[in-house]
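Note that subunit A is present in both complexes that follow, paired respectively with subunit B and with subunit C.
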Partner chain A sequence: MERASVGTYLAFTRLAFQRETTYRVDVLTSLLGVAARLYLLYALWTALYQSRGADAAPEGFTLSLIVTYSAVSLLYGLVVNAASESADQVEDKIRDGNIATDLFRPVRYPLTVMADGLGAMGFGLLQVVPALLVLAPLIHLVAPPSLEATGLFIVSALLGIAVNFAMTLMLNLTAFWVLETFGIQMILRWVSMALSGAVVPVWFFPGAFQTIAMSLPFQAIYSTPLSIYVGKLQGATALSFIGLQAFWVLALGGICAMMWRRGVQRVVVQGG
Partner chain B sequence: MPQIIAENLTKTFTVPKRYGGRFGALKTLFTTEHDSKEAVRGVSFTLERGELVGYVGPNGAGKSTTIKMLTGILTPTAGEVRIGGLVPWKERERNAHQIGVVFGQRTQLWWDLPLGNSFELLKHIYRVDDERYKANLKRFDEVLGLSDFIKTPVRQLSLGQRMRGDLAAALLHDPPVLFLDEPTIGLDVVAKERIREFIELINRERQVTVILTTHDMQDIERLCRRMILIDKGQVLYDGTVEKLKDRSGRARLMTAVFAEPPGEIDLPGTEVILREGAVATLRFDRNQISSQELVGRLSAQYPVVDLTIEEAPLEDIIRTIYQKGLTP
Partner chain C sequence: MANLKSRMEYRTSFLLWFGNTVAFHAVSIGIIWALLSRFPSLNGWNFSEMIFLYALGLLARGVYTTFFFPILRVPFMIRQGNFDRHLIRPVNPLFQILLQGSVTSLNDMIVGVVVFTAAIQMVHVAWSLPLAVFLAAVVVGAGLIQAAVSLMVASASFWVIKVSGLTWTVQQIQTELVRYPVSIYGRGVQLILTIALPIAFTNYYPATTILGKSDGALLPAQYLGYLTPLVGIIWFGLAYLVWKRGISRYQGTGS
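Moving on to the complex of A and B:
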């Protein structure tokens, strides 16, 4: 019998999409949450900028650009998280032994998790893109500087989602070796929050911090696509940052593949 | 060639050594020493196509560990497994096409979705063609009554319904081999019977080879001609259920109802296995004391009101073996 085909995995994608549609209320509430956070950030940035003078633009970020950055970051974040939710359940499956049911099927489990993530991502996009289009005129969001920038943003955003997925999966796979990863996860979540540029653009960081942020994969999730969106990264520079994202996808993906292979070999299905 | 071959199958788990005492926890954290636990020790058996074998043993005997090695989920420490000529853990994906698995304590169905969606997805996973899929689903529905709840999300199913769904899910791709790990656990009598009927039917109608682990000896008496009994990771008995009963000397159980609580009952050749108020159950061996003799002695010493004698059920025989070992 030959290997499972792409079609097999697409069935997982379709099913994930269907599952998400049954939890529509979740999406609505998270959109409301985004609106609340956006309002807070808007108020904060406005206050900060006003204290620095009317035409303050640190690192080239005008007030409307930084508000755009925040809004896009929050909405994009919803898709980033939706896409990695399936990866975030791997740890539990390993810990409670339910991974057993995924191991006796003729499919690669990590690929099914990925396919599932794609479905959830697709559904997330269906919610977030209209939200962005509605929001744009309301709070005067700036559009990407050019059509080319829009294209690069889309590519970069997809890569960012992939980086976050791989990182989440990697963390979850450590459950093969350590049975409790909550502590590591919390620390990483905070570090990621700070260094990914999700809230404050990394360009605002003082020199040393910026260097640290740039050498870690977190910035590949938020900072790169968002900086392309607001025109901070353009042309060749943007391309080289996208190249760096691709590097992180391959590197983290490779680590996940290795961890999976080793983990399965030593798997001790917990609980009977 | 036999369809399932297990040869000298062994699984040793290593766990970090645990220390007690004052700084035990700290020592445990940094230790590089390991304790090893032998869950399965040199288990061998073969199954021919179409056999339905009960795999029985007390908790922690190594049943599930064996099943997991046969399904390719666990890698054996030593020994060999072949299912239809394949080594499961080396060729997990290919092996998956020829086996169906039900773990009674877990579900392979998608929790958030209607049961039917799980079937659809499994159809894709195992690449079952439309015709076969429809025919199988129809047949399973006839026996398991799936259509009553096929549109219900799995999380809302009763345990019995979920188990029926899991059984159907395991067989959609017509696997020649079926592993059932406690498929009747936690079910009521009616639900159990329904599951048993289905297992019997699948085995008879499709010649599916079945390994069944269970703690319910009625499952075994109802379904299996052959049983493999394991304890502490080793095979204690492999043979027909009838022969095991013979070997146990065809012990009998006598249940007596007395006019008043009888107090201690001490009769040579018998063993009291239950005493509750004015009712007592004695196990006795026909070779040591005849029923007639026992009835005589019992009624001479105690005010007996009623008596029943029956062959000891398999469960009682197994319990005796767990406690005292198997007398050759």
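Moving on to the complex of A and C:
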């Protein structure tokens, strides 16, 4: 069997991008969801900050910064979810048994999933940019405090997307061994959304919860890049958090690789 | 998203669904708790009152899911061609569909009762028999409003076949919007949530009535709370009319 070239995998990326462009209603729906949620968060934070007085800045977050945090979180979330869609379909393929045919192709299945994710992510970005341009003046969206912060944010965001991808893939790969994961997946989704700092910054969590949240991989998806964007994490501290993100990517990616190898063995042994 | 919808059709064990419901609400309440540990209040609502608000919404949702959950299946039934057989039988089609409910839909009610029991111990309300009766009427009315909205959305499938993605998002947003006191929103939104899509009645208005709260809402919230059962009946009646109109159109144009 010939080894597939990079070009072959990039074809998957291009196909994924094209595929996403056909889902016009879904694009509108997700943007509508973002707009509605942003309005809700804006109203919520404004009311909360009012109760603390004019110059409230808990943990350094002024009202302006927390609104920016929420807006970036929602838009970034679109890209994160888009990038992980392909990983989320692995489970069905395993259960259907279709995974067997993928094992015989000259391409490596996990790499095609990642290439697909890249394409979907690219399209997600394309949606987000015009939304950002529209929203920015409406809610007085603040830009990152410095060029360095912007650069670190981009790096951190890409790592965050990778962590989410790896987590999603890991969950999907359990399908090799576990019959029904739907309930667990949903529970994990809610818990990860809360603990990741996507809605409420981890910095606002009371004592013990902050410690717990910081030791889990979820904050590596949302909290780190968002905190860098608003300037909560800077310089050396930011770099150490990025290092932590890289750790999670490697750790979770390694687990995925191991699960994939074991899972494939299982399929082959059982005759697909 | 498409994955999620198709998975909702699967038969999952009751325990798994229940665990999922508990986790979801635990997280939502956890977020409220985290927020109110940092900020003194939300438009004058403290944590106990927020829990009461949340619990009231849960009870309303409980009534809705317990009795009206099967409405959500209608768009799928139409798309898959399973709807017509309900029209052939001599029994009211909506009634037939509602009878197809399952035990798993009790989730929200159970969680709602638990959270509400905790909530009433946290707030200062002088309970009496009339108040309890009012509460029951409110919960039923609020449940009817939720059922009405759901029925209207489901009826849209009689006109436009592919609705599911958008309606799912709309329903999600609705639930999220009323998790917080409606008074935090702008005037336009408050009006919409009172008149056009009266979900503010599912928890906010009756909560202000029972708790005796006034927090600068656009409209006289406490008085509106008394109207909740009436709004429920009217709105469900409207939804039923839309449903009937949809069916006659569906039968007229063929499947």
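Methods note: the second predicted complex is superposed on the first by the 265 of 272 C-alpha atoms of A that agree within 3 Å, B and C clash if a C-alpha of one lies under 4 Å from a C-alpha of the other, contacts with A are read in each partner's own complex, and residues count from 1 in each chain.
In the analysis below, a residue touches a chain if its C-beta (ideal position, glycine included) is under 8 Å from a C-beta of that chain, and two chains touch if they have at least 3 such contacts.
These figures come from a predicted structure and were not determined experimentally.
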Partner chain in contact with A:Y49 - subunit B first, subunit C second, else both or neither: second
Partner chain(s) touched by A:F182 [first = subunit B, second = subunit C, both, neither]: second
Touching partner for A:Q265 - first (subunit B), second (subunit C), both, neither: first
Partner chain(s) touched by A:V129 [first = subunit B, second = subunit C, both, neither]: neither
Which of subunit B and subunit C A:V191 touches, first, second, both or neither: second
Partner chain in contact with A:A11 - subunit B first, subunit C second, else both or neither: first
Subunit B versus subunit C as contact partner of A:A57, first or second or both or neither: neither
Partner chain in contact with A:F104 - subunit B first, subunit C second, else both or neither: first
Dominant contact partner of subunit A by residue count, subunit C or subunit B: C
Residues on subunit A engaged by subunit B in the complex (per definition of touch): 1, 3-5, 7-8, 11-12, 15, 18-19, 22-23, 97-98, 100-101, 103-108, 265, 267-269, 271-272
Footprint of subunit A on subunit B - complex, ascending: 13, 64, 68, 71-75, 92-94, 96-97, 99, 101, 103, 105-108, 110, 112-113, 117, 120-121, 124-127
Footprint of subunit C on subunit A - complex, ascending: 25-26, 28-30, 32-33, 36-37, 39-40, 43-44, 46-52, 58, 88-89, 92, 180, 182-184, 186-187, 190-191, 193-194, 199-200, 204-206, 209
Touching residues (chain side subunit C, partner subunit A) in the complex: 1, 3, 7, 10, 12-13, 16-17, 19-20, 23-24, 27, 30-31, 34-35, 37-44, 162, 165-166, 169, 172-173, 176-177, 180, 184-186, 189
